[in-house]
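Following are the structures in question.
There are two complexes below, and they share chain A, which is joined by chain B in the first and by chain C in the second.
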Partner chain A sequence: MAVSVSIPTILRTHTDGAKTVEASGGTLAQLIDDLDGRYLGIKARLVTDGSLHRFVNVYVNDEDVRFSGGLQAAVADGDTVTILPAVAGG
Partner chain B sequence: MARYDSPLDALGDTPLVCLPRLSPTNSVRLWAKLEDRNPTGSVKDRVAQAMLRAAERDGRLRPGATIIEPTSGNTGISLAMAARLRGYHLVCVMPENTSAERRELLAAYGARVVLSPAAGGSNQAVAVARQLAAENPDWVMLYQYGNPANADAHYHTTGPEILRDLPWITHFVAGLGTTGTLVGAGRFLREHKPDVQVIAAEPRYGELVYGLRNLDEGFVPELYDPDVLTGRFSVGSLDALRRTRELLEVEGIFAGISTGAVLHAALAVAEKAAGVGDAADVVFVVADGGWKYLSTGAYTGDLKEAAERLDSQLWA
Partner chain C sequence: MDGVLVIRRDLVEAMVAHARRDHPDEACGVIAGPEGSDRPERFIPMVNAARSPTFFEFESGDLLRLYREMAGNDEVPVVIYHSHTATEAYPSRTDVSLASEPEAHYVLVSTRDPMEHELRSYRIVEGGVTEEPVEVVESYMFAHTGADDVPDCR
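== the complex of A and B ==
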């Protein structure tokens, strides 16, 4: 079993249009490295200067990773990772 | 005392009610802060009045002025009532994928509504409002996403009310939009009780709303202060709607759909506390009532179908 990763429309150019892909890793950073091995260039869109891009939000099982260790947040087989661009609410 | 000098003065001091049937145990309790009991029926009345008063104090707003504001609805409705009573004109820029009731209410209060494209959601409303403000330099944009009076309203009213009514609060949960409620009330609560957990529930919409051309078009409100928060949940339409119905069926509270998302996060932290045997008193914000969402068919019929219909709408 792997981690299911939901890709937002804006990043699907890297995944041949796939909405959901699988990846593996014990931390979010490892997971993103694994993704980049298959979908070249996606890491550069998600990570700038060693941390998550300002306008990218990543959730592990619906919880924002910025409150659970950022790129070092733990992920495990069976988890769902959701990547979304930051948009306005209100 | 519940006597007021004018309709606008009947603001705040809203009830905080325990929800015994939804609370996981006798020592892990849920409390709802009923913000629908404000003059136009939403938490945004606090924000609108605070922003107007601040702009009047600063001399930015003079009698007869035109106000422009990007809003997905509630802030616009609150501003529309206050503007009408205080002698201002109002132009609201609102995404076209918002409920019909919001547009009707704004029109009834005499506001002019400019619709922005559904794709891009509130980001587009902000962009269109900025453009209109640039073209009409005499208009005043209060700009709820970056106006300190927004968070200050909650720092000075919502937060103190909650602490007064429930000094043993352990968790505060609210919706994340402009971030004003969480940052303002959360900051007050943590200054007085540093251990209070401040949890955000952020709506997760259908893909249309995230339709940016590039990531640098993303948006984080200027008011946002992540240091005030201790956790942040993303809640999709199905979970939000399921909880909205549960709140009505189990506790009788008829709330808007964003409240369902907030309840979903509140129950997650409450059940976590119950699971490890901690006592907890979890306060969550009921931002508005369900009236403005009836036309979406959210409250009756098949849950999944109703959630699918909502998915491309801005329901918070």
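== the complex of A and C ==
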């Protein structure tokens, strides 16, 4: 089962520069574990203490997963997952 | 990437006008440009979802639309700007810890003085801040950036 994952510039050091990679899983948590198996260290950039980082936005298709279950959000074959660090500051 | 931000005067004026308009809240936005060009071209003011004088954040849906649009145009965020409304135009600790575009020019506009603004540019890479000069030009055509319609003479 393949999900297309769009990788932001700052995480492309983990993916040998690839902008888009494929991964699998039924939930976002499983998908990130699968990604981390191939691109070691990427999970730590996204997840702390079992939750998504406050300033990392993850979308399944067009939906911010913050509003659809966070790491438990469902993903399916053919979905597109987009990871975008927040553009924020003080 | 040469340690200088070369930017058109109208884009500088647009950032300052946006900062003044949203004062005392922080204003924020992006100037996109062709990937690999380091040339800011398309001014995109963003809504500060935090609507705060001490914090800014692009709204999550806006952020997704912005990055999709840039990807579709082969653009990158050449400049990421925001304002400080009560302090100098220098990145705060929060700015540094959240900066996630190592190839962008981070432009800070201070509007604390009602008469005179301060505008400065930085690279923020892995927690390190490097200020760079800002070269304001009327057009990129003769600014050695490979520019507007006709390139520089070789």
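Note that the second predicted complex is superposed on the first by the 86 of 90 C-alpha atoms of A that agree within 3 Å, B and C clash if a C-alpha of one lies under 4 Å from a C-alpha of the other, contacts with A are read in each partner's own complex, and residues count from 1 in each chain.
The working rule: contacts are C-beta pairs under 8 Å (C-beta built on N, C-alpha and C of every residue); 3 or more make two chains touch, one makes a residue touch a chain.
Bear in mind the structure is a predicted one, so any value in this text is a computation, not a measurement.
One of chain B and chain C touches more residues of chain A, and that partner is B. Using the contact criterion defined above for the overlaid structures, shared-chain residue A:His53 touches chain B, although it does not reach chain C.
Applying the stated contact rule after C-alpha superposition, one finds that A:Asp62 touches each of chain B and chain C. Residue contacts after overlaying the shared chain place A:Ala88 against chain B and chain C alike. 8-10, 55, 57, 59, 62, 64, 66, 82, 84-90 are the residues of chain A that lie in the contact sets of both chain B and chain C, per the superposition on chain A. By the touch rule above, chain B contacts chain A in their complex via residues 70-72, 75, 120-123, 125-126, 144-145, 175-178, 200, 202-204, 207, 209-221, 226, 229-235, 316. By the touch rule above, chain A contacts chain B in their complex via residues 8-10, 45, 53-57, 59, 62-64, 66-67, 82, 84-90.
Against chain C, in their complex, chain A makes its touches with residues 8-10, 55, 57, 59, 62, 64, 66, 82, 84-90.
Residue ranges on chain C touching chain A, taken from their complex, read 28, 30, 46, 50, 54-58, 60-61, 63-64, 67-68, 76, 80, 82, 91-95, 98-103.
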